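Report on the structure given below.
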Amino acid sequence: MMDFAWTAEAEALRTEVRSFLAEHLPPELEERLYDTGDSHDADFVKALGERHWIAPDWPRDGFPRLGAEEVHVLENELTRVEAPIYACSTGMMVAKVMHAVGSDFLRDEIVPKVVRGEVTIALGMSEPEAGSDVAAIQSRAREVDGGWVLDGQKMFTTNGHLADYVFMLVRTDPESERHRGLTTFLVPLDLEGVEAQAVFTVSGERTNITYYSEVFLEDRWRISEVGAGWHSLMLALQDEHSAPFSPHLARLVERAEGWATTPGPDGAVPIEREDVRRRLVEAAVDLEVAELLEARTTWMEARGDVPVAEGPMSKLYSTEAGVRHAESLTAMVGPDALRSRTDPTAVADGMIEHSLRFSLGMTIYAGTSEVQRNIIAQQRCGMPRG
Amino acid sequence: MMDFAWTAEAEALRTEVRSFLAEHLPPELEERLYDTGDSHDADFVKALGERHWIAPDWPRDGFPRLGAEEVHVLENELTRVEAPIYACSTGMMVAKVMHAVGSDFLRDEIVPKVVRGEVTIALGMSEPEAGSDVAAIQSRAREVDGGWVLDGQKMFTTNGHLADYVFMLVRTDPESERHRGLTTFLVPLDLEGVEAQAVFTVSGERTNITYYSEVFLEDRWRISEVGAGWHSLMLALQDEHSAPFSPHLARLVERAEGWATTPGPDGAVPIEREDVRRRLVEAAVDLEVAELLEARTTWMEARGDVPVAEGPMSKLYSTEAGVRHAESLTAMVGPDALRSRTDPTAVADGMIEHSLRFSLGMTIYAGTSEVQRNIIAQQRCGMPRG
Amino acid sequence: MEFRLDEGQIELQRTVARFCADRFPLDALADREGRPVQADDWQALADLGVLGLLVPETDGGSGLGVVDAALVFEQLGDHLVPGPVLWSLLAAPLVGDVVTGGCMVAGVESSALSDGAVVVDHAAEIDVLLVVHPDHVSAHRLADLPAPVPLDAVDPLATVGRINGLGEGDRVGDAATAAQLRLLGTVLASAMLVGVSDRSLRVARDYALERHQFGVPIGSFQAIKHLLADMYVRTQCAQSAMYAAAAVLDDPDSSDPARAAAGAKLLAADAAIENATTAIQVLGGMGFTWDMLPNHLLKRAWATEQDFGTIDDHAAHLGATIDAMAS
Amino acid sequence: MEFRLDEGQIELQRTVARFCADRFPLDALADREGRPVQADDWQALADLGVLGLLVPETDGGSGLGVVDAALVFEQLGDHLVPGPVLWSLLAAPLVGDVVTGGCMVAGVESSALSDGAVVVDHAAEIDVLLVVHPDHVSAHRLADLPAPVPLDAVDPLATVGRINGLGEGDRVGDAATAAQLRLLGTVLASAMLVGVSDRSLRVARDYALERHQFGVPIGSFQAIKHLLADMYVRTQCAQSAMYAAAAVLDDPDSSDPARAAAGAKLLAADAAIENATTAIQVLGGMGFTWDMLPNHLLKRAWATEQDFGTIDDHAAHLGATIDAMAS
């Protein structure tokens, strides 16, 4: 029998998460994150870790292991309010790789700290000449007495200025090409020779270019076998569980509805206008669909299926709908919609303006819409590669 | 100085063409063409030929040679009312090839008849396995005493059941591949072994599959040198002057405006409704742009420039706008829009319904939208082929 | 949460798919153009239990739920099954002999009325015309009505006629029944449209793999791939919303049935029209010929979009109830 | 018919392009963020004759036409030139010292007024504020107004301020002048937006050729090609409509200037926003960073869409005059 309702446990968790957020994500913290563009807050992450909400599907003494539906609700609630959890996701992505192929030191010393929210790990994969085509990387490490010396440069090291470590993919065999001769390391970000240079995005988040110049690294920080870096990277990416994207659309709709149901300076309530209702309905219908798609993906995960094209489909649908509706709802509000949050005359607290900018990155990061369409065509329509 | 007005000569010609149409394209003929799906009428074509309007840029004693702007106006007016001129266009395409590479017989006997509207020529290029990729054709001719024997099958031979000849591209060297070993012929359609089987399109036009079974053909019907067929085909296609597409959009807009300004059964005039005005404006703006683009293409031709990407751009813009607005204006009219012209209860004489079906073919024939985008990207944005 | 069909449902789906493929083969569509529903086909549909799906077992039906019926109608759309199956199924609990195939029913919503006349699919073939008014449902024996005037059908696989004047008819349902019929009709029309979307995708996909250009299947070209990916996404979205709406109709307390049904119809009609149109584009010149499947899929999509509220109607309904959507 | 620029126009275009590239280099945008207009830049613009383009030669201007001015503003958009150049140009015939660069003018349409306050680009930097009312034009010396309250600018290359209360000001134009300023402003804002569209296309094109993935330029992929083709078409359409509108303003009897201007603005704003957005998508992760050109192009497009009527405003205007469009 089909059943589209969430479990009672999941609904109970939703309430719990919301009261957690009311306590741990006060307006001041939200404001600071907005102003700095940071995607991380150490206290918030520690509080999450104390509830075992960083890796809720990971076994830990004294804590229940959450089911897929509960994990979904937890992530949804956190994402909807833009809680600073990105360093946790990246940390757990790397923790799972270390758990699978890392040394005892990494597995026993580092992984538990990630789970508890005590340390965070940024990602160092992309390079100026290696975006989607990761195999084109040029950063390198050469073996020296007692360890390695790293040189290179990584793009988009989000949290590179706040995290404790960065997960680095580098070329250890200078003669090698493409996927061969690569090795992964966990690089402490406080080592000498490491530098993070701020890069701000259109939506105001801070990411970094990180530079590595003659960085000496003990061998215990090596994650993969020498030359087996590509395999360990694949382990990280294989974790098909993708972040939910519909909460971003939900946030936009919520803000727009808030504006529409509040009387304007002339006393008129915008939602009485037909075009306002039309635009809101279009967004609300797409939001319901996006949520349904994600619910189904969650249900597949709960069954142990791999949603190999469902994740891409959800991401494609939610993020493209996000762009479309951010534009439409901006037009709905009119010129004032473009004043930003830091402007005292901003409409809807400037958050429709922020959604408009934010939405443009969503169709790019974590695989562009073009890449998602290729995956869907190949995986679900049986089209040939290339 | 920029100047966007048509010449006085062109405007005078417009008036002349309109009165010609009033005389030679009476409602009964329109209706017969609609019912049969034919794209040709011998009397109409003869009347066109008498005015030298089949090849108005072709020298002919006793007639002025029209300039690019006048040709444009002539074609626009004819296309807008769906006059049966397709067999003239295809005929002239082939006449130009015969003029360039054909024998004296073809040049002196056939070409003038095409120009005068006394004979028509259909195209036999596409095959079941060779659409955009014409070089994949399999129809063949083998040399015999005194001529050739043709075998094969051609798709989309529009007017194949009405025209006098078909322009055939066949493989004359059975060992050859792709572009080599091809030859072009002018095949009289009344020869034994030629058969035309009707294929109707979604918009109700009749095209044909033509079958050629052991058709004996004298050598005088050969157009190209043996093996030089590809070159002569390229000559035909190189004629970059493309048919105008905006008149189809103009026809749709005109019909929709006619509906919108006529009181409905309840006495209300639809154009008073805001959504009706919005939909009409969107279509009218796109129509103005489409006409501007075509005017500029015409102007380039008049200057002797080759509008290598402008033709594709005009076609892409006009035809995609056609699909979009046919859908939008159908929704504007409501359920009744879908009753066809032959239905006594039809709205707007069923012609919005016809535009809806017609528009879907426009983005396919004469190069799909995908092909047009490739051309534009390569020719005007400098993108690499392939 | 459970998105999977149970075993009975999967079996039902398979049975109907096999039946349709067997009795209404898509490679013989030309034979069906403009033809009335064949008596043996109608009897076979009745024998299969399609017409009595929602009638309780005690009354000779199958007593199944709306989700089950939706599965069946997805298949009917997928195979372009002809005839007023949906209206007959809706009428089955209200009008005698429908379940057994002895009485064929078509219908109209009273909103379709203008100057007292109605345009009805299969008008000349039916026994009874069902009219869903805002506050009641009436049934009219064809024998008591003026003879239908034949019109051109949007969908060439159907016939259509205009009936000038209905009279009173028999009152066979109250306002609640009328509302329920409208909801059921909306969801099951959506199911047919999802079937049309999915078939359009498969037709385009098969062609993209078979047809070669420049030595490779045209499905290797990114432009074609992306068209197919978008077709897939549209089908999946419409299907998810349609199943969800069907489930809400089975358990009306779980959510708002009118809202769910409106959303489903809107998405399913859009998916069917867009996908059939895209199938024409993918098939190119061949796709634009009358006898090929995309033409028939598009016509069916256009015709079914009109039943139980157009895209615009449902968008307007959702707009009017937007306050309920605020989350 | 003549679509070609004459030699004088081509020379003008080249001169302005060279000037902009030299004085406002796009690789040093970061230096210009949030910065007021520099006095020497403003003087240079005046010296080049930009501010007096439409002022008769007898009054110290260049006495050029609207098409010429459109060519210049295309370049200003293309190079993201800062400052209230458009408003100053509009004010030049009405307010003293503008042509020589001695008086900087910004402006608002009275439709922008709410609760007596106005939001003005470069409010703190100007000498005079021009207000275009429905039936007249007024000029207000900044010195006589309350001090502007700085706000965040949509376009980081501009500053913006709120002025609370305007008073009466001096009447410097009648209803006809007001109407003419609105038309000119609409067309020249369109020209700037066409410049932004075209620059967005060129940025995306260059990146698509330079950036390699899997061993080939990303411009080899059909998905990227088609994005670029659509950018090209949008730019060409907007440019054609914009030049046509400018030509109509130069020869108002040839067609309806209000309708032509509205169509141009609608198309140009859409092209600029869509192209800048597409440039971000083509440049991928890099495109989404603040310091890269696409961000600035998009911000300029958003900001300029608001000037002299948004897309929606112009669509509404055309809708209201639809009867004139019926052909």
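By written order: A, B, C and D. Residues from 1 in each chain.
Criterion: a contact is a pair of C-beta atoms (placed from the backbone, for glycine too) under 8 Å apart; a residue touches a chain by one contact, two chains touch by 3 or more.
Since the model is a prediction, treat every value here as computed from it, not as a measurement.
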Write down the chain pair with more C-beta contact pairs when A-D is set against B-D.
B-D
Matching interface for B-C, options A-D, A-C or B-D, criterion over half of contact pairs identical, gives A-D
Determine the centre-to-centre distance between chain A and chain B, using the mean Cα coordinates as centres, and give it in whole Å.
52
Using mean CA coordinates as chain centres, what's the chain A-chain D distance in Å?
37
Taking each chain's mean CA coordinate, chain B and chain D are separated, in whole Å, by 41
Chain C: which residues touch two or more other chains?
221-224, 226
Among the residues of chain B, which are close enough to touch at least two other chains?
370, 373
With touch defined as at the start, can you tell me which chain C residues reach chain B in the complex?
112, 114-115, 119, 151-152, 154, 162, 212-214, 221, 223-224, 273, 277, 280-281, 284-291, 295, 298, 302-303, 306, 310-312
Residue set of chain B touching chain C in the complex reads 126, 129, 131-133, 136, 155-156, 199-204, 207, 265, 323, 327, 331, 334-335, 338-340, 342-345, 360-361, 363-365, 368-370, 373
Quick one: in the complex, what on chain C touches chain D?
221-223, 226
Sort out for me which residues of chain C touch chain A in the complex.
1-6, 67, 201, 205, 208-209, 216-217, 219-220, 222, 224-226, 228-233, 236-237, 240-241, 243-244, 246-248, 254, 263, 266-267, 315, 318-320, 322-323, 325-327
Chain A residues within the chain C interface of the complex
1-7, 69, 250, 253-254, 257, 261, 271, 274, 277-278, 280-282, 284-285, 288-289, 292-293, 295-296, 298-300, 302-303, 309, 313, 316-317, 370, 372-374, 376-378, 380-384, 386
